[in-house]
Amino acid sequence: MKRFDPERVRHDVPELRRTVHGLEMAYLDSAASSLAPSSVIEAMSRYYERTHTNVHRGVYQIAEEATEAYELARRSVGSFIGAPHPDKEIVFTKNATESFNLFARAWGASVLGEGDVVVLTEMEHHANIVPWLQLKEERGIELRYLGVTDQFRLDLTRLDETLAGASLVSITAMSNVLGTIPPIRRIADAAHAAGALIAIDAAQLVGHAPMDVVDLGVDVACFSAHKMLGPTGIGVLWARAELLASMPPFLGGGGMILDVKLDSFKPADAPHRFEAGTPPIAEAVGLAAAVRYLRSLGMDAVAAHDLELTGYALERLGSQFGDKVRVYSPQDLVDRGGVLSLALEGVHAHDLAQVLDRHGVCVRPGHHCAKPLMRRLGVPATARVSFGPYSVERDIDALLGGIEHALGMFG
Amino acid sequence: MDDLEDLYREIILDHYRSPRNRGELPTPPAHRTEGFNPLCGDEIVLTIVLDDDVIEDVKVDGHGCSISQSSASLMTGVVKGKSIDDAKGAMRSFKRMMTVADEDDPDADEPIDVRKLGELAALQGVVKFPVRIKCATLAWNTLAQALVEMDA
Amino acid sequence: MKRFDPERVRHDVPELRRTVHGLEMAYLDSAASSLAPSSVIEAMSRYYERTHTNVHRGVYQIAEEATEAYELARRSVGSFIGAPHPDKEIVFTKNATESFNLFARAWGASVLGEGDVVVLTEMEHHANIVPWLQLKEERGIELRYLGVTDQFRLDLTRLDETLAGASLVSITAMSNVLGTIPPIRRIADAAHAAGALIAIDAAQLVGHAPMDVVDLGVDVACFSAHKMLGPTGIGVLWARAELLASMPPFLGGGGMILDVKLDSFKPADAPHRFEAGTPPIAEAVGLAAAVRYLRSLGMDAVAAHDLELTGYALERLGSQFGDKVRVYSPQDLVDRGGVLSLALEGVHAHDLAQVLDRHGVCVRPGHHCAKPLMRRLGVPATARVSFGPYSVERDIDALLGGIEHALGMFG
Amino acid sequence: MDDLEDLYREIILDHYRSPRNRGELPTPPAHRTEGFNPLCGDEIVLTIVLDDDVIEDVKVDGHGCSISQSSASLMTGVVKGKSIDDAKGAMRSFKRMMTVADEDDPDADEPIDVRKLGELAALQGVVKFPVRIKCATLAWNTLAQALVEMDA
């Protein structure tokens, strides 16, 4: 496996050149949003400086160029995740959350009714819970949850029971709180055996590890560009071509129709059927640049780098603080990514993050949009540490110094 | 502006000004299929009568740009009176010329012998204008749709 | 009124420095999407280079800065349109189309049922038709349409009759095909007198003329940043504070909740209730920069500039081509903006646009996402000419040259 | 890191470690109101008993950061036994100190005499940390909500 030098990545990321409170920034919040390399920022600037106009409806030179850039982004994102038919399967949304809502509304609301079962897990992000709760409210679907073990793994002991009679399993491919990566392929096979579809929340996985939707055996995947070195304002829904083609439209407007009369309309084919209005064009260009950048690092190497840092952090936290720091994450490096959640004895996560800020360390305190998981863990909030390809050991060293300070202050 | 003249060849302008087989056949016996180009609003109404495996008659109506309308007119000239197989063969050749060959076209990567395309070759200049390819293929896609609907 | 020099604006817009087919670009498609000044492009780059991270959930320095920039954008957009309470009334969406869908789903689907009446006009963009057609399909609401006169104005002769018993009037503030600006204040008063709410599609107006939602007397306004010199990927829904506060959520996910349990959730207050998932942060920063740029030009001056060019175009088209060019637009300069639609004798709009492209002229052919209007006009497609603050008379001269060429070619 | 010490003054850490009036009063007679800070997940459960115009008893439970919890503790100390009007006056002063005065506060623009705020003044350092203002005001907003619910 080719490895990359994280210092070179740091050099590519302009934001890491700034200081906070006079210190080098130790950005340990990539799970919230990653920092963009200059190739991504410049791709978008260049788009606005040379090519920008609306897509799909012009015949003039720049309209063709803009359309081509947009559709090329669809293809490059598709090929990045191993989509068999990118042109028919990739829908650009505004974020992973919209992707889930689109899927829940277009597929869910047209197929599911009273008593139909959707299986989630207790480690889901709200983006993969609330849309289903809305369907529960409106259409009476039933939600079942796979639990979380005390080792912060998905509890699969009752998998087949839970799947029995289900229509869909919608499940995170990597927990944004624990870092846990569930065995998607195994769950996908079980889901299909039970006659259910499987959707994955790939928001945390896609920018951090190799991912192939065919190898995973899934039917739907949702993710956001801003967590994979790309821009804000764009997300992706991938769904198998036949599944997507079978789904009725969600948002209505220009670009998603074949015809509109005063009393009726005919929707266009997928994926355009799901892209109402002017799409995030510059953002698609930025996302394509992010994919290019990630490919140049090598996704195996990106995953290995995250794990190396995770191992270092686990080891140092344990040896330096012992029981004073609880780690809500698998303690080994198997089937996990570069995310770990901390809780300090006597120091609320919010206060820890505040003290860390003065050390130049950026970590996120709170429930991380996973309140059901926080209830399961029995902790109101954690301070989450997460890595990107620009993260280095001295970020973790700065974290350790800040924890020391916080413990002293509140102890 | 050479490639503009390549796009708008005289034969295309002629078919645009004086479309062949224009109008609608009575249904029944004709089968009627509508085709849209959602992006530019072009519309094709294709009416077709089969006699066994032969396209006995076909007419097109609708509105659109010179490329979509002349392509429709040229198409009717090529397929009318031909067997369905021959029509499908012409469709495959045309789509290959337009660089949008179907995935299940076994000869998709073969070089195209434009001489075999006859008058259809007049539309060759369209490939330099990617946005217009949809205009040129609209009538053919509508024909394909009609054949599917008729199980032919 | 302060006037600006359009050549200075051209200088500020990098895209106008490029050539097409070796010619200066005559960009006459601002109604589809406007070109961004460098201050907008740079504001976003600077954001990614210095401040980017996720908003609302961090306590560290850059999280505070990003949140502040995002919320500041909300305030600056709000004050630009005269919103009384920007912090409670401005929702950032992905585009004007999502804004309409959000309003139709959150308000419409919760309030309207079988037989309830929504009044539209025959000059609406699909963005303000399809969401209501979807509600018609699903909930049986009734749609009524105000017609269009042969002078390309809204037909108000039966206004009161049409409004009788209606729940909502949703109407364009400026037609993207005709350029017509309907008398919104008058219609708003009539709507309120009839007990109806009024929403406006401000997509074409907001970047081209002074606009004050209180003066207009409207309840809801929808628009997109990319038509007002801003970026793609962001739109705005403004609604009166009490109205917005009364609306149930639309998209579900992180950021729009107070609490989530396994079987239920509590939504947050407006506007956050309507902003599920990571919002378009960089795009909000870009939109704020666009608003700043427009303010510096002065909206009165922007409107006057558009009209001056419109007058020049109308005059030259008439004198040079007579009946050979039909203009689908009001022929005077009263209550209209800088948009006009053309149809040439014997030349399809698509072909005209193709020929114009070779003259460096960018105009949009087609139905402009207004198929009902095209049917009303009895024309399958028009070539639409539209202006921005960077447009100049020589753009129109290039257009005239191209029309001459096309008429010769197809004549 | 001076302003960090300004934020976490000793009195705040003391109220955080040993919160006053902690727990829940039995309902009824107490009225119970929950407050959330949706962004960070802080939760306050406030139980309150009124006797005419006087806050006879008040307790808070819940969880959150040192700022939200110490602010709640400090608040109970200030309002318990006070008249509702006095409690509302303290609330207005506190919110002005936090730079989030209500629109209908007539004195919103008046300078604040911190000496009048007593122990509450310990939270003054929060204003330099805009994100934490929501933590400091959570208990007060929950109290305001409770008073509205009780029509008091």
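As written, the chain order gives the labels A, B, C and D, with residue 1 at the start of each chain.
Here, contacts are C-beta pairs under 8 Å (C-beta built on N, C-alpha and C of every residue); 3 or more make two chains touch, one makes a residue touch a chain.
Every value quoted in this text rests on a predicted model; they were computed, and no experiment measured them.
For the interfaces C-D and B-C, the C-beta contact count is higher for B-C.
The centroid of the Cα atoms in chain C and the matching centroid in chain D are 45 Å apart. Chain centres here are Cα averages; for chain A and chain C they lie 31 Å apart. For the pair chain B and chain D, the distance between C-alpha centroids works out to 75 Å.
Averaging C-alpha coordinates per chain places the centre of chain B 37 Å away from that of chain C.
Within chain A, residues 57-59, 63, 257, 259, 350, 354, 365-366, 371 each touch two or more of the remaining chains. Touching of two or more other chains is recorded for residues 39-40, 129, 132 of chain D.
Under the touch rule stated earlier, the contacting chain pairs are A-B, A-C, A-D, B-C, C-D.
The touching residues of chain A, when paired with chain C in their complex, are 14-15, 18, 20-21, 25, 27, 29, 32-33, 35-36, 38, 40-42, 44-45, 48-54, 57-63, 93-98, 100-101, 122, 125-127, 129-131, 133-134, 136, 143, 145, 224, 226, 231-235, 249, 251-257, 259-265, 276-283, 350, 353-354, 356-357, 361-366, 368-369, 371-372, 375.
Within the complex, the chain C residues that touch chain D are 56-59, 63-64, 67-68, 257-259, 266, 268, 272.
Only residues 1, 4, 7-8, 13, 16-17, 39-43, 63-67, 69, 129, 132, 135 of chain D touch chain A when the two sit together in their complex. By the touch criterion given at the top, residues 36, 38-40, 129-132 of chain B touch chain A in their complex.
In the complex of the two chains, the chain C residues touching chain B come out as 346, 348-351, 354-355, 358, 365-367, 371, 374, 380-381, 409-410.
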